[in-house]
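Structures are listed in the sections that come next.
Paired with chain B in one complex and with chain C in the other, chain A is shared by the two complexes that follow.
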Partner chain A sequence: MDVTPRYLGGDSFLGRRDPRVLLLVPLLYLVAVAGVGDLRGVAFCALFAFVYYRAAGIPWREVRKNWIFVLGFTAILVVVNSILTDALTVTARSPELFTVPLTGSVVSMATLSYSLTIFIRYVTLAMVGFPVAFAVAPNDMGVAFARLGVPQRLAYAVDLTFRFIPSVAASVRETIDAQRIRGFEHKRKGNPLVRLKSLKPVVIPVTVNALVEAEDTANAMDLRGFGGGRRTWLRELSFGPADYLVVAGFLLLAAGMTAAEVLGFSEEVWIP
Partner chain B sequence: MIVEVHNVTVRYQGREKPALTSVDLTVESGELTLVSGPSGCGKSTLLRLLNGLVPHSYRTTVDGEVLVGGKSTAKQTIRQISTVVGTMLQDPQKQIVGTTVEADIAFGLENSGVDRGSIRRRIDEVADQVGIGHLLGRASAELSGGELQMVAFAGVLAMRPKMIVVDEPLANLDPRAGSRLLRAIRAFVDDGGAAVVVEHRVEELLEIRPDTVLYLEEGRTQYSGPMEGFLRAAPVGHVKLPFEVLVSRAAELPEPVQPPPATPRPGDEPRLSFHDVDLGYGSRVVLRDVGLGLAGHERVAVLGANGAGKSTLLRAAVRLVEPTRGEVRVDGDPVRERSILSLATTFGYVFQSPGQALFSPTVAEELAFGPRNLGWDKKKITEVSRTALETMLLAEEPGILKRPPRTLSFGQQRRLTVALALAMCPRTLILDEPTAGQDLRTTTEFMARVNAIDSVESVYFITHDVDLALTGADRIIVVDRGRIVADATPVEIAKDEGLWTRSALRETSLVRAARAHPPGQRSLAHPFALARTHHLATSPEGNTLR
Partner chain C sequence: MSATDTPRVLSSRIVVFSAVGAALYAVLGLVSFAIPGTQLVAVRPAFALVPFIGKRFGPIAGFFTGFVGNCMIDQLQGFGFLAFWNWSVAVGLVGAFSAVLGAKALRHSNEVARIALTAVGALVATAAGLLFVITDMFIQGISFETFLVGNYFPALISNGLAVVILVPVLDAVWEPLSRQAGR
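Take a look at the complex of A and B:
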């Protein structure tokens, strides 16, 4: 399994943006859609998310598997929580369409409308989140967080995470190989606890080695003066007009949707 | 003086025996000092003393005086010391923290608050200096071991230290990459800097002409002085000395213990054979056009530079790599018809790092893991475990079966990983870089033990160490840039002068000496025996005797 972070943004519109824009937009979008119960409202927000996602220029073939996972996982989550069970309460009343066998959940037009709203909300959140993973250059992450006010040590930890993901992945592969020749097999079926326990021959060596190596890396960082006073970040970030425009657009969306919610325009489930 | 160490004794907390006892060392500008000695002699502690990790990061008691830039290290922070002393760790993977080469070189300067313009100028300056300008935009994760080492060096130089300390620069590098780094260190010293290099491969270090040598054993100074004196005084068999030195000290050389060469039996099916094979991972082909047969009774070294494809070749034997073309056979049958587990009773594959295998709370459980997966009963598991421990000389260790494997010393852990393979009763052992990062004595003892295992018919080992291949095998397969470029006896390999110029291998003094070896013999005599023969052939006494 290749877990190396992939930078796919290239020279796209979002790829050229200040990385802080790509970190801020998902937060603003979350504010915009968080309280929206009306399908029309969330569909309106989805338009923004779709245009934004397309602007990242992420090639479909590179992220097809990721999208299959997101769509599949979200669909299961929504169907289980709002159709098969009554975990997500729909207060609006509409004529009953059918009753789910076994669970006895009553499905109405309101239920379907609300389920679709939730589905679109989660999928579009992933849509605005994808550019963070694929369109921010790995070495821009730390400085972006630092310039957003995150403490320097924590911000650099983000950079380090990206640096060491390939090493940890290589260590996992090597350890699996070392144990396979002694008969290790990862159980994919059966009791989850037994399956988890069967991972011991891989998890323990990888964890212990990572801890030992982390000590050496911490020493190496100390020896290069990390954690002292003021730190310069070589990468210079500056907001351009297009960056302001994107953030302002999502800021307006967030403000507008919050206002609509406060005024009671988007809170109710829409029944066609 | 940049560094002064006066009568220093260091004790780690919780350990009775000092790691260093009454050690003295001074280093000034323009001086290159070699610190040598066997594993556990205190080299690393001395290095930590110079860069301030001792006493600031390790709980230790330090008696005596350590001055860096004229001030006591105890009274400076690691950050202050780092402006004078730059450090290169043994494994550059752990030292490089930037996601790109440029980001890593900038790291120390960013931490010092240097302005962006100056950082950019210094990056270009050091990249030119160490010849890595073409790598600046590359991701660190994509670099080879040699490139990583040069980037780590550039990151240290960017901070403009007065002195650099370098921990075993050759431990993880193939000879050519190692040589490139050593020349860069010498250039730094020639430009007015100073360096302390910790290394037990003395022969390779001669290329950069160390001015002084400090030789330690069990934490105490055994020699301190110029290189010429050290070559006369160094304990043979403990550090790797040039062959010419062995010849000049022939009278002192101990009687070598050399296992008899393994003899292939005529008519035997090859244990492992490759038929027009390409090997790789996914769409990436690492080795092309492999056609080979390795016998059931021979010692084979697979020799080549890092990343040449050596491990890929032998991992195909246990199906950790599948051929993208052609067929791999084990004892005449296609390997794809065997499960990985069933192959463990044919090949005992031992990985480079013991840490990758050890996960059980006790040695007994660790040893039982493989045999249990083979479905063997408790009685048989106890029996094979005991035999494996005895074979690897671990059975005498008090309470060994109940000890957590990771509490064993590194050398014991390495022998335990061989015991884990032996517990599955293989007929052939495959060792991946069996002696990487170990001193000469440990290497010699380890290989002698492995070659003396009665139950094992053949040993195939992967190495980038030319001398180990020459002295430890009856046959050498040279892998270079994804192809098999030579397959011959050690003597033939040594005599093939073209091979040493056209491949990434680097000639050693033993290679040159082996060229005088009589043709027709499969394996090379032990370097000590060879040195005595050369001495007899060249000295007046020898001529008289003959």
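Take a look at the complex of A and C:
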């Protein structure tokens, strides 16, 4: 289990940007695609997402498993919700293409168009999300959130979360090994209740140990006067021309797509 | 008071326990298993950490653990921290609600009653917090029936199982340690 944040796109165009840019872009992109029901509209947004993702320079072989999971999960979600069942509320009328046996779900061109829209929306959201995971130095997270206006202590908590992840992961591995020596084996088949109970020997000690150690960390922070005054950060962040350009591009995209939605250009499902 | 000033209630202890809770949820949350006979319903044992942290360390720590922990899981899996933002808010709300509902259980001297109240409080908090995923109706364009049958109930059943089984155990184990620490 490798959960340690990986800094794969450090030398890329996005890796050299102010980390606040990489946190703001997914937010702006979410605003842009949130209410878009038109396949052409979301495809237009996808172009921005694709160029942005390529600018992160994340090596494919390093994130292949992540992409397989994202594409697989999203495909299942969309197929189950739209093709196999009538879960998606597609109001646009179009000729019926076929009926799914057993479920009786009617599939039309509008259903397929809207399903593809949802699929592209989630996949492109992952595209703009990947650089946050792989092109922002983990130790820049705290200062980036603080400089975005998040209260200093909450920003520090985000920073601490990233710092704790490797040690918690190591503690999980150690606990599993220690419990195996005592005869523990996680049940991989059978009743979910039994499987859930079988995880107690791992979840309980890992949690309690982490919390006991956290008491020490909190005491150490108090002794060093944490929160006594306004916190400063060693890392200085500053927006350069390229940073402004990237944010402005996505700001325009978000504003344009929102305006198109308000004016009724992108809300309706597109039927080819 | 400027935007970056912090409220006094956010002590260093809450900061640290929030961060540890989110890290624990992010790491242990990657372990999940599907319920046989369902397609997308998975039991995530680590979900129990959210109401537990909420009950023991307050609503800010509970919300932070659920929200940031869930964002981290989505990020580690590759979706990006905002793809399922409404689910992250829902899990955060579970932590915040369990702080409110669990406060009564903390004051109970009878151990059996405390355990029962802890389990019920965590389950109610889970049911209430997960209601926020009704926003999927607007985000994904799903119907109310699909929200209820396809999203809410499966999530409630799978997470409810984890909560009812693990939260009372975690709480019972933490109780003597918390007394020892004088908290």
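The definition used in the following text is that the second predicted complex is superposed on the first by the 272 of 272 C-alpha atoms of A that agree within 3 Å, B and C clash if a C-alpha of one lies under 4 Å from a C-alpha of the other, contacts with A are read in each partner's own complex, and residues count from 1 in each chain.
The working rule: a residue touches a chain if its C-beta (ideal position, glycine included) is under 8 Å from a C-beta of that chain, and two chains touch if they have at least 3 such contacts.
All of these numbers come straight from a predicted model, not from anything done at the bench.
Clash-free side-by-side placement of chain B and chain C is the outcome of superposition onto chain A.
By the document's definition of touching, of the two partners only chain C reaches A:Ala133; chain B does not.
In the superposition on chain A, contact is made by A:Asp222 with both chain B and chain C. In the superposed model, A:Val247 lies in contact with neither chain B nor chain C.
By the touch criterion defined above, A:Leu154 lies against chain C but remains apart from chain B after alignment on the C-alpha atoms of chain A. After overlaying the two complexes on the shared chain, residue contacts for A:Val212 are found with chain B and with chain C alike. When both complexes are overlaid on chain A, the residue A:Asp177 reaches chain B alone and has no touch with chain C. Ranked by how many residues of chain A each touches, chain B and chain C are led by C. An angle of 60 degrees, to the nearest 10, separates chain B from chain C at the C-alpha centre of chain A in the overlay. Once the two complexes are overlaid on the shared chain, A:Ile204 sits against chain B and chain C alike.
In the superposed pair of complexes, A:Leu234 makes contact with chain B only, with no contact to chain C.
In the superposed model, A:Pro192 lies in contact with chain C only, and not with chain B. Between chain B and chain C, the minimal CA-CA distance in the chain A superposition rounds to 6 Å. Residues 159-160, 163, 167, 200, 204, 208, 212-213, 217, 221-222, 226-227, 230 of chain A contact both chain B in one complex and chain C in the other. Across the complex, chain B meets chain A through its residues 51-53, 56-57, 78-79, 82-83, 86-87, 89, 91, 93-100, 102-103, 106-116, 119-120, 139-141, 155-156, 159, 315, 318, 320, 340-341, 343-344, 349, 351, 353, 355-359, 369-370, 372-374, 406, 420, 424. Chain A makes touch with chain C in their complex at residues 1, 3, 26-27, 30, 34, 37, 63, 66-67, 69-70, 76-77, 80-81, 85-90, 114, 118, 122, 125-130, 132-133, 146, 149-154, 156-161, 163-165, 167-169, 172, 188, 192-193, 195-197, 199-200, 203-204, 206-208, 210-215, 217-218, 221-222, 226-227, 230. Within the complex formed with chain B, the chain A residues making contact are 4, 138-139, 159-160, 162-163, 166-167, 171, 174-175, 177-184, 200-202, 204-205, 208-209, 212-213, 216-217, 219-236. Those residues of chain C that touch chain A in the shared complex are 3-7, 10-13, 15-20, 22-24, 26-28, 30-31, 33, 35-36, 39-40, 43, 45-46, 48-49, 52, 64, 68, 72, 74-83, 85, 139-143, 146, 150, 161-162, 165-166, 169-170, 173-174, 177, 181.
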